[in-house]
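Consider the two complexes below, in which subunit A is the common component and subunit B and subunit C are the respective partners.
And then the complex of A and B:
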C-alpha cells in the first residue's frame, strides 16, 4: 500500500463508502422494479453503515467525531475516489459502477485484512463479510447483462466510460489485479488509460455535498428525529 | 418468476409465509429475499419456493354437514374433565 497515515487511510475508505451509499440511494423509489429498489436501497444503507464505522475509527485518531468528519469538511477536503462522486442516474452505468467498485473494494479489503494494525485488519474483515452480498448482487447483474447482446453492449459501454475512474479507486500496485478480473469477466481487454486519481474532484461533488450536509448545516448541534 | 417466501423467526419455530417476490431467476430471488426478509435480523432462515411449484388445494366439500368432525363441532372441555376424573389424572 502507498504510504499514508492511518487516519488518512480510514478517511479514504469512509468517504468512498459514504458517497457511493449516497449516490446509490438516489435510486430509492425509482429503481427499475420494486424488488431491486428495496435491495439497492438496502445496499446503499449498508455502505453508509460502513462509512459510519470507519469515521468512528478515524475520529478517535483525529480527536473529533464521526459526524464532524462526515459533514463538516469542505467539499475539496474529502478523499473519495472520483468514481463514487459521479452522478449517473442510468441503470447500466449504475450497475457498472457498482460492479467496478465492489471488485476494486474486494481487492483493497483483501490487502487491508493483512494489515499489521489489528484495528484496520479487523474492520476490513467485518466490512468484507457484508460486502460479500453486495458482490453477489453485482455479479448477478453482470451475469444477466452478459447473456444478451443488448445487455453486453450496454455494460461494455458503461464500463469503458468508467474504467479510468475505477482504476483510480486503488493504489498503483493493486490496479493490475482489477484489470485482470474485469477483463477476465468481460472477455475483452480494456484500454490503457490514465487513472483518475483520488484527491481530484468532479464538478458533481459540490452539488452532492450541498445536499448531503444541509441538515447538519441547519442544525449544527445535532438534529433530533 | 414469482417466489413465495417463508421465514423462520427463531430456530426450531415453524416457517411461516412472509410474502412473495418477483425475480428473474433464483439468484436474484435469493438476494431480494435476503434484503426484504432478512436485513433487519428478523429471520434465522428463509425458504424460497417458486409459485409454480406449489400445489394448491382449495375445495373441501362438506355435503352432509359433518360438524362433529370439526373442532368447533362440540365442546370437549366438560367431557375431557369427566374422563380425567375417572382416570385420576385431573390436575389442579
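And then the complex of A and C:
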C-alpha cells in the first residue's frame, strides 16, 4: 500500500463508507421494487456502521471524536474517492457503481487484512466478512443484467462511464487486480484511462455535505430530540 | 464483592433488543468478563457493525453491572472474533421457536450465492427444506428473507457470518 499515516488511511476508508452509505440510502422508498428498497437501505446502514467504527479508531489517533470527524470537516477536507460522491444515478449505473465499489473494496480489504497493525488488520477482517453480503447482492444483479442484451448493454455503458472513478478508489498497485476482475466478468477489455484521484471532489459532494451536516450545524452542542 | 459468575448471570438476563427471544450471552457477543474489585471490564463483540441495537446493548450491560454495585467498562472489540458460530445451541433453539431460522454453519469457503440459492435451509415453522431466498437483506443487517413453499410462509433467516 502507498505510504500514509494510520489516521489518513482510516479517514479514507471511513469517508468512502460514509458517503456511499448516504448515496445508497437515497434509494430508500423509491427503488424499482420493495426488495431493493430493503437491500439498499440495509447496505447503507451497514456502510455507515463501518464508517462509525473507522472514525472511532481515527478519533483515537487524532484525539478528537467520531462525530467531529464525520460532520465538522469542510467539504474539501474529506478524503473519499469521487466514485462514492456521485448523486443517485439511474438503476444500471447504481448497480455498476455498487459492483465496482464492492469489488475494489474487497481488493483493498484483502491488502489491509495483511497489515502489520493489528487494529487495521482486525477491523478489515470484520468489515470484509460483512461485505460478503454486499458483494453477493452486487453479483446477483450483474448476473441478472448480463443475461439479456439490453441489460448487458446498459451495464457495459455504465461501467465504462464510471471506470476512471472506480480506478480512483485504489492505490496504483491494486488497480491491475480490479481491471482483471471486471474485464474477466464482462468478457471485454476496458479503456486505458486516467483515474479520477482521491481528494478531488465533484460538485455533488458539497450539496450532500450541506444535507448531511444540517442538524450538526444547527445544534453544535448536540441536538435534543 | 461481585464475581464474574454473577456478571455473566446478569448479562444472560438481557434480551437482544432486536430479537428479545435470545439473550446477549446466547448471541455470543460477550467475549470476556474481568472483575477487578469494583471495576468490571466487558469485551463486547458486535454482530454486524451496522446493527442499530449496539448502543442499546452497551447501555443495558452497563446498567446490569451497576445494579450489582460495580462500575462497568465496556470495550468494543473491532475485529472478526464474532461469527454466527458463537450463537449457543440454546440460543439457536430459542431463535427457531421464535420463528427465526438459525444461521447455517459457516464453511471454509465462506458464504456463496449458490449456497444461499440452493442450500437446504429449513423453515422454522414446518421444518421443510423446500424454501427459497427472497432477499439477502431483511429488517436488520443480520437477517435475510426466505419463503417456504411447503407451508407458504415467508420467514427470517439469521445470516451466516
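Of note:
By our rule, the second predicted complex is superposed on the first by the 222 of 225 C-alpha atoms of A that agree within 3 Å, B and C clash if a C-alpha of one lies under 4 Å from a C-alpha of the other, contacts with A are read in each partner's own complex, and residues count from 1 in each chain.
Everything below uses one rule, namely that a residue touches a chain if its C-beta (ideal position, glycine included) is under 8 Å from a C-beta of that chain, and two chains touch if they have at least 3 such contacts.
The structure presented is a predicted model; accordingly, all values stated were derived computationally and were not measured.
Once subunit A is used to superpose the two complexes, subunit B occupies space that clashes with subunit C. Between subunit B and subunit C, the partner in contact with more residues of subunit A is C.
Contacts of A:140 after superposition on the shared chain: both subunit B and subunit C are touched.
When both complexes are overlaid on chain A, the residue A:132 reaches subunit C alone and has no touch with subunit B. By the touch criterion stated above, A:151 is placed in contact with neither subunit B nor subunit C. With both structures placed on the common chain, the touch criterion links A:39 to subunit B and to subunit C. Of the two partner chains placed by superposition, only subunit C is touched by A:47; subunit B is not. Using the contact criterion defined above for the overlaid structures, shared-chain residue A:164 touches neither subunit B nor subunit C, since it reaches no partner. Of the two partner chains placed by the overlay, neither subunit B nor subunit C lies in contact with A:75.
After the shared chain A is superposed, the part of subunit C among 24-32, 78-86 or 96-104 that runs into subunit B is 96-104, by C-alpha clashes. In the superposition on chain A, the residues of subunit A contacting both subunit B and subunit C are 35, 38-39, 42-43, 133, 136-137, 140. Of all residues in subunit B, only 21-24, 27-28, 30-32, 34-36, 39 touch subunit A in the complex they form. Interface of subunit A with subunit B (complex): residues 33-36, 38-39, 42-43, 133, 136-137, 140, 143-144. Of all the residues in subunit A, the ones that touch subunit C in their complex are 35, 38-39, 41-43, 45-50, 52-53, 56-57, 119, 121-123, 125-130, 132-133, 136-137, 139-140. Subunit C contributes residues 48-52, 54, 76, 78-80, 83, 110-113, 116, 134-141, 145, 159, 161 to its touches with subunit A in the complex.
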